[in-house]
Amino acid sequence: MGETITFWILAVVSVSAALGLVFSRKAVYSALMLGVVMLSLAVLYAVQDAPFLAAVQIIVYTGAVMMLFLFVLMLVGVDSADSLVETIKGQRVWAAIAGLGFAFLLALGVGNATFAAPTGLAKATEAAGGNVPSLAHLIFTRYVFAFEVTSALLITAALGAMVLAHRERIRPKATQRDLARARFTGPQPSPLPGPGTYALHNAIDMPALLPDGTVADKSINRVLARHEMEGGFTPTDPVKAALIKQVLERDAAQDRDSDSGDEPVQAEDAAPRQEDGK
Amino acid sequence: MEPAEIIQHSGGVIGVSWLMVALPLLGAAILLLFGRRTDRWGHLLGVAMSLGAFAVAVAAFVQLLGLPEAQRRQGVRLYEFIPGLADMGLLIDPLSISFALLITGVGSLIHIYSIGYMSHDPGRRRFFAYLNLFVAAMLLLVLADNYVVLFVGWEGVGLASYLLIGFWQFKPTAAAAAKKAFIVNRVGDFGLLIAIFTIWTTFGSVAFNELTGGAVDGAISSGDASQGTITAVGLLLLLGACGKSAQLPLQSWLLDAMEGPTPVSALIHAATMVTAGVYLVVRSGAFFEAAPTAQLVVTIVGVATLLAGAIIGCAKDDIKKGLAGSTMSQIGYMMLGAGLGPVGYAFAIAHLIAHGFFKANMFLGAGSVMHAMNDEVDMRKYGGLFSVMKVTAATFMIGYLAIIGFPLLSGYFTKDGIIETAMEHNQILGWLAVVGAGITGFYMSRMVFMTFFGKRRWADDAHPHESPSVMTVPLILLSIGSVFLGAFLILDNRLMRFLAPAVGLPEHLPGFHPFSVPGLTTLALVAVGVVYAWFRYGAAEVPRLAPRGSFLTTFARRDLYGDALNEALFMRPGQWLARFAVFFDNRGIDGLVNGLAAGIGGTSGRLRRIQTGYVRSYALSILFGAAVVVGALLYVGNM
Amino acid sequence: MTTHYLVLSALLFAIGAIGVLVRRNAIVVFMCVELMLNACNLAFVTFARQQGNLDGQIIAFFVMVVAAAEVVIGLAIIVMIFRTRRSASVDDANLLKY
Amino acid sequence: MPWLSTLIAVPVLGAVGVSLVKSDKLAKQLALAVSLVVLVLTGALAYLFEPASKERFQFAEVYEWIPRFGVHYGVGVDGIALVLIALSAVLVPIVILASWHDADGTGAAAPPKRSVKTYFALLLVLEAMMIGVFAATDVFLFYVFFEAMLIPMYFMIGSYGGAQRSYAAVKFLLYSLFGGLLMLVAVIALYVIADKGTFMFPELIGVIQDPTTQKWLFAGFFIAFAVKAPLWPFHTWLPDAAAQAPAGAAVLLVGVLDKVGTYGMLRFCLELFPDASKFFTPLVIVLAVVGIVYGAIVAIGQTDMKRLIAYTSISHFGFIALGVFAMTKDAGAGATLYMVNHGFSTGALFLVAGFLIYRRGSSQIADYGGVQKVAPLLAGTFLIAGLSGLSLPGLSTFVSEFMVLIGTFERYPVAAIIATSGVVLAAVYILWMYQRTMTGPSKEPAHVMPDLNWREIWVMGPLIAVIIAMGFFPKPVLDVINPAVDKTISSVHIEPFTPAVAEKKGAGQ
């Protein structure tokens, strides 16, 4: 009776935690949910005559593995939430169908089988005198080879992790000298004109004026400008609108000259290039 | 009397009669293999080889005459050609030796003439090589003792003709004419080949001595061969003959063949090769005599061609083409004769030999004129040449008189014989042949009047002169033959009796009736033709540019629309078919294959898209797989 | 009772599988894999008791060990990928395609 | 002495040697020397061969190869195989000499320089394969050589060919593999159904009796051979492959490799499956006749010299297949002789075309004209090669074509008559090509189109000599072929041909 109650409580807990693991947006929550599942399972192991495994489950899994997960989460960025928009067409539907179908089939299989009352492990552990000694006996006799191989695996994994996680600097760190040289060999040694240098307006989408009063092309954010023109958001200020239009026309002329690619792509490209330049 | 049996023999000159073929062949081989090194003396070698063959032919002829009639068919077996099918063997009998004499005799004269005619041509050595090759092939044709070897020679002369018509290959017209000649000839050869196949499958042999009249009759009477088979053989042989002899409907190549040098026209396209068809029909007499239908077709083809050739000859301003039309017409007479049985054979062969002389004579004369007139061939630019080249003109006139059948000259006897024999067989054919003779009188006179008489219509830079003696001597010799040969061969039925061992002898030997109705009518019609030609071309002014003429003139000028017909019926559809076949091959068959490949490629390309690179898609398919496995296990477990 | 444990195990396994299929964050995917492994372990332990045989527990033990090794390597790889790509989304690593 | 094994081994060792030497020039000379050694050995073999011998296969060698499946290394020759081996042995030195500069990267088209040693090594390997395939008396060994032949040829087309070489090479390989795999299925099925525990050809004759089985196995073999030969409508790979391959490789491809197809029909299809052969004869004859006429018509419409020659070969392969399936002695012997003659005649045509293309850098007919004026020797050899392509009497192809046609006429007159029309079409395609390329006013000055040099004369001379000699005196070759063909035909158990007037033969008057 006690086992049944334990089971039903833990089953509900573990299944809901598993669902939480799958459906929570933040990875940290998922990790915590996994911890809950593991702990529940540890209890279920203990209930099922496997005290050693229950301990190992708590120590190794919940203690070590979960900590590792959390560390990595820290490294990757703990506060980022995943986008829940599915990009692969039909993936969710089919995943649900396949997963539930699979569960259904397994359940059907299990349900079809009729089990006698569990034999229990009392008899098996009797000879060695308890669960742990019995396991130890088996591990160091029948399964000794597998055990040794496992140990080799663990060592290898440890080494592998070190090798993989180690970051090697391939190129020397850029010195100030290098940066300066890169800047002066580039197309634009001086800073790009800031918006509004000689401006009457204090706005990012307002072109700067050069000392002679003409527009400084490079000071206009193309993305913003184009967006405004195409979206019909013409500035109320006629001077501003005229300036933006002038720049855009000049751009269009350049596009035609280079006649490569379609326009939207170039427009998108234009913005980062400008940023890099600055 | 039936033809005599062939005796295998190898004694005397007849035993080495293969030299007739071998000598010119050797000459050709030397001239071609050693190339420019033989340039200086190559023409002499060519002439020597031809004369050598002539000498062997004469010696063999003499030996043959010395034998009793029953032994006058001598076989010379050289070696096994195609085991089980045919031997390389020669047959020396009166028929073949007559041809051999004509070929080597006229051939040698034309060789000699060519020394002069081709003296300025850089390819003279090559020319003589081809001439020798021709003589060898032609001799193989007539000396062969079975159809397979005959076919070898048959195509050999075709090759020589191809090479010689296209001798000036840099002239596109010459190259095209050569090709045309070969291809049209091949159409005839197609018939000849199938005839040989049929003969082989019916009789199990292709050797002449097993294909006698008796064998053919025996096969028909025993039911081994149907009358239809024999008729088919006859018609197929006729198709072959038509190709080689430029008979309707395969006549179109001959006029174009005049692109070749004039000696070639004289030797191949007048005297010898084009008469091979007549030889074939006469040699295959056994089949034709057993197939009256085939014989009738032969005579119809002959008459049709003799009229067509004559009509074409009337409208040609090109002297060589005029002569070519005349050749067609004269071979039509021979074909007519060859379709009339043993009597006709003799007249046909006689006319053939006489024609060989007078037509070669006239062609060479025409060559001499052209030589003098800077290779001008348009008769409208001749006129009044008699006074400047007397020898050429005189010999040409003799040939002319011979061909129109001027009494007592060669043509008179031989053509008359054919006409009379035809008359006995079929009145319609006979009278048509008479009409043909009249037209002959007209067009030949037209040619003579336009060339040698009337006003001089020469080009400004023309300075005609008599040709050198190396050219005129052959002309004189040939004209002598043109005068006397007819009388010699026909009177006393000399040729008929000589040929008897080869082709058989008719029951009643025909007499010579100089004053029969057809004979007199022929003479009268010829006279009318000559007089009419005199009024049109002798007395009247000949315009330097051809007048447009009536519909009939155009009809004749365009070769009776033979070329147009060929073009419309064969060439255009053929080209269209070839284009379609290429299209079908590229788009149809290859398109199917490539389409299949493209289909598989496209399907793979689309299937490839399943590999999105997304691990999760792959995982999904793994899960599906696992579910299927579990399901299958359950299903199997529950079974 | 055994049936209950096994159905629970299947359910957890399926949830883990669905998680692997629908989540794009490599770390979460990894967690779901761990969940699936744990579900298996539960089944092993259940069967061990059912059969009265300790081998099931031994296997579960080995699974845990191997899972630990796997987590170590897997996380190291994730870290490395993240360093170069600034992303831990499994969909970004899709070069292995047609 | 193991003659045939030596014949196969010498070129293989030669190929290894050629690929090991340092200089290109030495490699060429070594390759030529090796091929000449093979030629001499083949000459000795032919000398020792006894046509009248009772043994079916002479110089036979049989060693176990895979005992588990009864696969043997079994070689031996009869007359048919001997003449084809001789054909290969004669052609290879000529091809080597003709290909002297093919891989050098010289020539008017300025092809890129490629490995010379590899090319000549491949040629020698190919020679070994060709000899092996004709000598094999074990069906499995035949299959192995049949497929192995493709590999050197694939590389020769694919790396040394013209602009479209990779397309052509892949098409060639896929087509051949398709056929080859069908044949493999049939070979295995033959082994299993025959249940003799061996692949040796002589022991498999007459084993398959069930008509349905015979038909299926026949189809497996026949399709492979029909693709290889190639018979209409499996032919479209050939024009591509032949047009793209370097001239020398094209010679071996069309001259020898494709003969394996018709050889296989004669040797395997007819003897192993006589009843099925008889059953399928109408179909095959229709295909052959269609191929003859169709190939000729398509050839007339070609604008590319090498493609034109390839299509003429399709027409000629129609003749060979017709001869094989007419199942008369004349046609069979004619077909076998045709295989040899066609190798020489088409080889000559391809080589002369290759010389032309080397000089001018184009295979388009329209790019030539008046060559005869500047290079008479070249034009002359081209004409002779062409004339042998149109079966002019006096040249070797005539004898074979005549025998095929007359033999076919004995049994299938209608097919023979239609096939004979190919004679006319042949004149059209050859002479028209000659007219367009060689005659007329010359298109280029003499220095662009030099006449044949001595090397090229040595290439063409022997070929033309063989063509003419065999045209007038085919008896020695026919004497070798005839007994073997008789044996093959007699194993089909078909009524031999007798002329209608058999009893009157020699009666005369």
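By letter and in written order, the chains are A, B, C and D; residue numbering begins at 1 in each of them.
In this text, contacts are C-beta pairs under 8 Å (C-beta built on N, C-alpha and C of every residue); 3 or more make two chains touch, one makes a residue touch a chain.
These are the chains along with the protein names UniProt gives them: C = NADH-quinone oxidoreductase subunit K.
As the structure is a computational prediction, the values presented were derived from the model and not from experiment.
Participant: State which chain is most central when centres are taken as means of Cα atoms.
Facilitator: D
Participant: Tell me which has more C-beta contacts between its two chains, A-C or A-B.
Facilitator: A-C
Participant: Go ahead and note the Å separation of the Cα centroids belonging to chain C and chain D.
Facilitator: 65
Participant: How many angstrom between the C-alpha centroids of chain C and chain A?
Facilitator: The computed centroid separation for chain A versus chain C comes out at 18 Å.
Participant: Measuring centre to centre with CA averages, how many angstrom lie between chain B and chain C?
Facilitator: 96
Participant: Taking each residue of chain B in turn, which ones touch at least two of the other chains?
Facilitator: 612, 614, 616, 620, 623
Participant: Could you say which residues in chain A touch two or more other chains, in rising order?
Facilitator: 88, 91, 94-95, 98-99, 102, 106
Participant: Note the residues in chain C that touch 2 or more other chains, in rising order.
Facilitator: Expected reply: 17, 21-22, 24, 91.
Participant: Between which chains does touch occur?
Facilitator: All chain pairs meeting the touch criterion are A-B, A-C, B-C, B-D.
Participant: Note which residues of chain D are touching chain B in the complex, please.
Facilitator: Its residues touching chain B are 171, 174, 233, 235-236, 294, 297-298, 300-302, 329-330, 370, 372-373, 377, 380, 387, 392-394, 398-399, 402-403, 405-406, 409-410, 413, 416-417, 420-421, 423-424, 427-428, 431-432, 434-435, 438-442, 472-475, 478-479, 482, 497-502, 504-509.
Participant: Help me check something: in the complex, which residues belonging to chain B touch chain D?
Facilitator: Touching chain D from chain B are residues 2-3, 5, 32, 35, 79-85, 88, 148, 151-156, 159, 162, 166, 169-172, 174-176, 178-179, 182-183, 186-187, 189-190, 193-194, 196-198, 200-205, 209-210, 212-215, 218-219, 222, 224-225, 574, 577-579, 581-582, 585, 589-590, 593, 597.
Participant: Spell out the part of chain B that touches chain A in their complex, as residue ranges.
Facilitator: Interface residues on the chain B side: 612, 614, 616-617, 620, 623-624, 626-627, 630-631, 633-634, 637-638.
Participant: Quick check: in the complex, which residue numbers of chain C touch chain A?
Facilitator: 1-8, 10-19, 21-25, 27-28, 30-32, 34-35, 38, 41-42, 45-46, 48-55, 57-58, 60-62, 64-73, 75-80, 82-83, 88, 91
Participant: Of all residues in chain A, which touch chain B in the complex?
Facilitator: Result: residues 88, 91, 94-95, 98-99, 101-102, 105-106, 108-109, 112 of chain A touch chain B.
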